Each structure stands twice: as structure tokens, then as C-alpha cells.
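Look at the two complexes coming up: chain A is in both, with chain B in one and chain C in the other.
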Partner chain A sequence: MIVFENVEYVYPNGFKALNGINLEIESGEIIALMGENGAGKTTLLKHLNGLLKPTSGRVLIDGVDTRNSTVASLSRKVGIVFQNAEDMFFSPTISEELAFALNNFNFPEEVVKKRVEWALKFMELEEYRDKSPFLLSGGEKKRLALAIILAWSPDIIALDEPTVGQDILQKEKMIQIIKQANQQGKTIIISSHDVEFIADLNPRIILMSRGRIVKDGSAEEVLTDIQLLHECRLIPPQIVSLTSRLDFLGFKPKLARPEEVAVEIARRLR
Partner chain B sequence: MSTILRGLQFYPGKTIIHKLDPRVKLVISLLLMATAMMYIEVTIITIIVVTEAVLAIIAKVFSRWARTVYGAAPLIIFVFIANFLFKLSMPGQSINLQSIYEALQLAYRLVAFLASFSIFFLTTTPEELGMALTKMKVPYMYTFAFISAIRFTPILAEELQSIVDAQKSRGLELEKGNIISRLRRYIPILVPLMVNVLRRSYELAEAIEVKCFGAKKNRTYLRELKMKLKDWTALSISVTLFILAVYIRYFSKIVIP
Partner chain C sequence: MTILETSNLWFKYSGGSEWALREVNLEVSEGEFIILAGRSGCGKSTLLRCFNGLIPHFYDGEMIGYVKVCGLDTREHPPYVLSQYAGMVFQNPDNQLFALTVEADVAFALENLSIPRDEIRERVDWALKIMGIEELRDKSPLELSGGQKQKVAIASILALRPKILLLDEPTSSLDPYSAKQLIDTIVELNQKYRITILIAEHRLDMLLPYASRLIIIDNGRIVLDGNPREILEKNDVVSYGVSTPRVVKVATQLKKVLGDSSNLGTPLSVEELVEIVRRRRYQ
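What follows is the complex of A and B.
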């Protein structure tokens, strides 16, 4: 379980990125952090493994105060996949890249081997195992970055803007992976402003603006609040835009699968 | 380190110092440094630092300027210790107040140096700096390389931070083990950084080639540099003061406390 208690974070240059964040995340939840650039999403993610420590208030990961723990030991529990995958790569081959964190966490050698194999297979990177990570395409690099984190199987997986630069198929694959990891009991926290992607995932949404949480609720609840989304500079999902304009048919803004809405429209027109 | 880098970053403003011709500013900075080179006396260095502080206040960059000097503290302490140890290693020296004082003087002089650099970079845009160098007949190729280096340092510092964050999140511990294993731990930081730098320089090369870099030998500028009355005034005041400083040092018999 993750608890933020009145967390405030001020960067050394004086910018207040988080301002009075109170938050509880149960294990096994899927959470989407949404909001415009500079709302504080990435800053919040960096508090999960202690890269940043709150300037006031506290962050508890399974009861452990992040200020009393090291980044290395917190990372064993919280894996963060950063936006820019290339910031990670330095090994000559992809297998070694995958093994790096496992060795840092002192896994026994056979386990490292097994986990590397599993991660290569799970992310469909087997054929590249002996290639340099820099030779991968953009989408593959993102997949490798995620595979690196999944390899040590942290309980909490945080993804910073996972869909940037991904095409539609890769996004679908990403949704599958996230759901699969969640079914294995992982807590997933995603920061994103890809509204359609989040709508498909249908998670609990935490909407942020200027370092504060402005709304915390189900996807249905948050993504149909067009006024609020507008204030946070987000465009509602297309299906919500559509249903909000069908008020003459008695529709209310609603988050649903396109097929359901189509059937509903046909029924009301009849 | 990043504090020093930030202190060298241009900060926009509209004060008289900002509007001064960059060449004049460069000359003033160099003269201040030259003066600091001539003198070792604490009193004179204090006068120079105070002058620089006044200039920083006029330019409204005092807090940033002070932070640069403050950020350079580790470097200054290092210079102090190095000088002190060097003095000790000379034959016939023992730890006494005199040697500590001399090492302190050398370290203090560094403050004057850095402070002078800092004011110049805080109040001069990279473009102005480029124009100044071009006017001084430095080939534009070199000028451009120099400006790019300045312009990219803050970005580099930011990138370094995100790489360190990413690797720490993979369980990398930089503060563990002996010196050799510590250096080895920096490989996961340095490789991605180098790759990023190389990639960006290729991208930059392509971008400037698309814009016909080097197609014409003589560049023209939207805003041409022209020495105005205030530039000449500032220049003559500082040159006069510098000549005075040279005279006092080498030709007069005034004893400096």
C-alpha cells in the first residue's frame, strides 16, 4: 500500500511541484495520473522509490517511510519505467541490459538467467538478445525498458508516459501487458495525458493540476466531467465528446465501448 | 557542479549592465581578472569582489551570482587544501599561520575570478557573445562551437540528472565500495550520456546544414553591435581604473596592507 501524507515538494530552484498531496493506493489497483505538463505527475512518481524525498509531509511504501530507506532498497519494491528509455542503456547486449538490475539486487545466478529468459520472451525480444539495445527501434526500446523493470518483478510498477511515440498496435499491446501484470497482483501507476489510452484501460484516475490533486475517482467519473477536463487542458475521449453532443437523444456524457453506444443510438432512433 | 553551471547561464534582464556592449563587458571581466592576478592582498581582492557584487546588484542578478560563488565552494576549498599541502611539501616548511594565510589568499582570489566570469555570463546572451567574438575576427565556425557548448551545458546537466535517476531506479548504488569499484559504477551513467551527446551533435549538424551553415563567409546580423556613448564611458572608466591598478602595483611605493 502506498500512502502520501500531506506531501509537499519544492525543487532546489524554488519551484513548488507538489502542494499538499494526500493519497492512498491499495495494492492491486490500477491508477492513472493525469494532468497537463508541469502538473507534478513525474515529480509524484519520483517520490515512490525515494529519488525525491518530500520537503514536508511523508510517503509510506508498505509502511516504510521513504526518508528512512535508500533508493536501491525501495526500487526492489517499486519499479519506475521512465519516459526516455535510452537514458538506461549502456550494456553491449540486451541480455546483459536485462541482467544489470537483477545483479544489483543480488539475485542468485540461476534466477538471473531464468528471469532474463522470461523477460525476453514476455516482451518478444528473444531474437535480439545479443544485439545492442541502441539498435532497437523506438517501440522496441520502450518495450525493453519495461522488460528491464518487469524482470525483477516489483510489487508496484510505475510508468511515466508509456505511450509517447507508440503506434496503435503497440498501445494495444501495452494495455494487455498492464492488465496481465495487474492480474498477477501488481499495483500499476501510469502517468499519461493520452486520454484514449487511459479510457481503454478504465482505471482509477487522479487528476492533477499545478501540484495539487483536483479530482480522484473512477475513469467514468473523471473523464465525463468535460468542464473539469477542460480546466486541466485535457480533451475528453471521443466517445464522451460524442455522447455529450447527443443530448437531443437523451444521452448524458458517458464512457462506454463504441459498439454499446452505437446500439443505444440505433435503439433510441427507432 | 550543476550550481556552477547554472551560474553561467544567461538570465534575461533590462538593466544597464545587460544593455552594455558585450565586448565592453568581456573587457571589464578580463580586466577584473587581470587585476586579481596582479594582487594577492586580501584587501584588494575584497575590493574587487565588492565591485563585482555592486555590478551584480545593478544587473539584478545578485542572488544568482551569489549562488554561483557559493556553489563553487567545494572547488575553492579544494584549491585551498591543495595549495596548503603543496606549501607543506616544500623543504623547511612547517604548519604555521603564515602558510595557512597564503593558501587562503590564493583560494580567495579564485572567488574574484569566478565571480567576474559569472557576471559576464549571467548578463550576456549566447548570441551577443557570438556577435562579440565575430567582431573580434574569431572565425564563426569556432564561435558557433563555443556558443553551442554554453547553450547545451544546462541541458546536459538536466539529462545527467534523469540518467542518474533511471539507473538508481535499477538498483545502482554510486556511493558503495572502494574507489575502483566506484569508478566502474559510473559506466552506466557515462555511456548513455555520451550516446545522447553524440546523437544530439549529429542532429544539430544536420539542422544547421539544412539552414545553409557556412554558405556565406560574412555573416550579417539582425541587430548589429555598435559602441554607444555609455559603452565608451564604461570602457574608459574601467581601463583608467586598471591602469591605476597597474601603476600602484609596479611603479608606486604605496604599501598595501
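What follows is the complex of A and C.
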């Protein structure tokens, strides 16, 4: 379980990025952090593995106060895939890149080997195993970064803007991977402003603005609050915009699959 | 008037085993607004790089066929000449900005071209004005938001007065609101200043209503090229990694349910679909 208690974080330049965050996340939840750029999403994620420590308040990961723990030990439990995947690469080949963290965590050699093979296969990167990670395309780099994290199997996986630069097929695959990892008991926390992607994933949403949590609820609750989304400089999913403007047919703003909405429109037109 | 053309264009990056572009034949008229779509790695970026001369002058590789930008063969003219005709805006504005102030960044390319001082001043003013960022003039690019940075990057290209603006996923790192504002500005450049737009994008929902043409690339080849409405009406573009806006999906399904394909048309935006439904409701 993850607990944030009155967390404030002030960057060295004086910018207060988190301003009184109170939050509880149970094991096995899928959470989306949403909000405009600069709302505090990434700063919050960096508190999960102790990269940042609260200026005041505290963060507990399964009861452990991050201020009393190291990034190295927290990382065993929390894996973060950053927005710019490239930042985490430095090994000459992709298979070495995958093995690096596993070796650091002192996994036995045969386990490292097995997990590297599994990760290469799972992320469809087998053919590139001996290539430099920097030669991959943007979408492939993202997959490699996620594979590295999945290989050491932390309980909590955080993804910072995982869909940036990904095409629709890769996004569908991303949703599958997230759901699959979640079914294996992983807690997943995603920061994103890709409303359509989040609508498809349908998680609990924590909406942030200027370092505060302004709403915490189901995808349906948060994504149909058009006024609030507007205040947070987000644009509602197309389906919500559409249903909100079909009030003359008796629609209320709602989140649904396009097929369901079509059937409903047809029924009400008759 | 044809402003850009490729003839039987093939390109392979040096060290690459596959052709990144295959037999691309394209003619673009002045004032068009073209979306290039297709899965990651399909060749969209490679094609854009052929239009400002980065290919073949900066990226090594094997090129077959030719590209002409405003009549200039890209093999015979360097990027600094070609970019005065076709200017490129990249995905990450941080890679494009480096000066101490916004003004200096926008003026940089012009200074390098030895343009007279008064004209530089005039062009910088103009570029900042049409991008709506005059108030950012004295700021450091470092203190701007992602959306503002991207506008500065476009202004620095516009100062070169190109006829063609090439944009490679310019909104991908922006939040939706900033993305919408940027797209509105790009639309204005096209409609008010008749700048030809070629934009590579994954997210079509905001752009489609404005595009005159949609080109879908798969495995280096142009597989679909035409009016966006017609393409989306007749093809399932998801298999090419192109996301169909949700309203298009609703409309497609609605046609199936109502059983009359003739009257609904193919709406590309929420507004269009609402209008169609309203008409049907009160007809």
C-alpha cells in the first residue's frame, strides 16, 4: 500500500510542485494521474521510489517511510518508466541493458538469463538483442524501458506518459500489458494526459492541478466532469463531448464504447 | 501550382537493412493541408526529412529518385537553402531552441543567412506576432511551457518565410489543451497565410476537420492518399496503426444500425456528428 500524508515538495528554485497531497493507493489498483503539464504528476511519481523526498509530510511504501530508505532498496519494490525512455539507457546492447538491473539486484545468473529472454520475447525485441538501445525507434525505446522494469518484477510499476509517440496499435498493446501485469497483482500508476487512452483503460483517476489533488474517483466520474476538466486544461474524451451535446435526445455526459453510443442514438432517434 | 514533388523516391539509411521509403510518388499543391499518418517507424519522419534536404545531405544512405521543393532538386541544394522554402518543426522543441532569449532564437537563422538588420527585425516581429507570442520576446526559452516552446520553434522557422511548413508530431509532448491551441495556430497559418502544411501525427481527432488531404504510409510506401472523409469512409485504417476518431466510429456504427448509408455522411468532428443527428431528429 502507498500512503501520502500531507506531502509538500518544493524544488530548489522555490517552485512548490506538490502542495498538500493526501493519498492512499491499495495493492493491485490501477491509477491514472491526470492533469496539465506542470500539475505535479511527475514530481509525485518521483516520490514513489525516493528519487525525491517530501519537503514536509511523508510517503509510506508498504509501511516504509521513504525518508528512511534508499532509492536502491525502494527500487526493488517500485519501478518507474520515465517519459523519456532514452534517459535510462547506457549499455552497449539491449540484452545487457535488460540484465543490468537484475545483476545489480543480485539475482542468480540463470534467473537473469531467463528473465532477459522472457523480456525480449514479451516486448517483441528479440531481433534487436545485440543492437544498441539508442538505435531503436521512439516506440521501441518505450517498450524496452518497460521491459527492463517488468524483468525485475517490482510490486509497483509507475509509467510516466507511456503513450507519447506511440501509435494506436502500440497503445492497444500497452493496455494489454498493463492489464496483464495488474492481473499478476502489480499496482500500476500511470501519469498521462492522453484522455482517450485513459478512457479505454478505465482506471481510478486522480486529477491534479497546481500541485493539488482536485478530484479522485472512477474514470466515469472524473472524465464526465466537463467543467472541472476544462479548469484543469484537459479536453474531455470525444465520447463525453458527444454525449454532452446530445442533450436534445436526453443524453447525459457519459463514458461508453462508440458502438454502445451509436446503438443508443439510433434507439432514441426512432 | 505544384510546390513539392517526389518521383519514384526510395531511401535506405546507411546501416539499415530495409528500405525506409519505397517508390514514393507525390505531388503537393500550394496551400494544401496534409496529414501524414501511419504506425511508428512507417516512414513519416523519413519522408519529411527528404523535403528540407536533411536527406540526403545530413543522413547518410542510398537514395533513388528525386525530390523537388519549389522547383529545386534537393540533391543539388543544401538544407540551409531548402529550409527557406520548406521549414521543419520537430517533435521535441528542446532540440530546436538554444539561445538566451526567444527573440534571439527566432533571429538566429536569419543572422546566419546574412539578412540585413532591419529586415531581421521586421521578420522576427512578424513571426512572433502571427504565432501570438509577442509577450515572450525577452524570455528565456528555458522558462517556457512545452506549448510555448513549440510556438517559438515554429516562429523561428516562419521567420525564414518558408512556403511549406513540415511538422513531425509537434503536439506529442503537449497536454491536450496546449495541443489544441497549437493546432489552431497551425490551421490559421494555412488558412490566413496560405502556408502549405505537411504534418505527421498519430492523434487525428483534432486535425482531421481541417485537413485537405490524408496520406497513409505503411512500410515506407504510400498506401492511401486522398480526401480524409473518403478514406475513412471506405477503409479500416486501424490496421495501418492510424487511430480513427471516436466520432467516426460512432457514425460508422450508426449507419449500420440505421441501415441507410446515404444520408449520414462521414462526420470528422463532434460538432459535425451532433449536427447530423440534430437534423435527423427534427427533420
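Everything that follows uses one rule, which is that the second predicted complex is superposed on the first by the 270 of 270 C-alpha atoms of A that agree within 3 Å, B and C clash if a C-alpha of one lies under 4 Å from a C-alpha of the other, contacts with A are read in each partner's own complex, and residues count from 1 in each chain.
Rule of thumb we're sticking to: a residue touches a chain if its C-beta (ideal position, glycine included) is under 8 Å from a C-beta of that chain, and two chains touch if they have at least 3 such contacts.
Since the model is a prediction, treat every value here as computed from it, not as a measurement.
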Touch count on chain A, higher of chain B and chain C: C
Chain B versus chain C as contact partner of A:183, first or second or both or neither: neither
First, second, both or neither for A:37, with chain B first and chain C second: second
Touching partner for A:68 - first (chain B), second (chain C), both, neither: neither
Contacts of A:265 with chain B and chain C, given as first, second, both or neither: second
First (chain B), second (chain C), both or neither touched by A:239: second
Which of chain B and chain C A:227 touches, first, second, both or neither: neither
Residues of chain A defined as touching chain B within the complex: 46, 49, 51, 70-72, 75-76, 79-80, 82, 84, 86-90, 100-101, 104-105, 134, 148, 152
Residues of chain B defined as touching chain A within the complex: 159, 162-163, 165-173, 187-188, 190-192, 195-196
Touch list for chain A against partner chain C, complex: 36-38, 83, 137-140, 161, 164-171, 193, 195-196, 233-235, 237-239, 241-242, 245-246, 248-249, 258-259, 261-263, 265-266, 269
Chain C residues within the chain A interface of the complex: 38-41, 91, 145-147, 169, 172-178, 180, 202, 205, 238, 241-243, 245-247, 249-254, 256-258, 270, 273-274, 277-278, 280-281
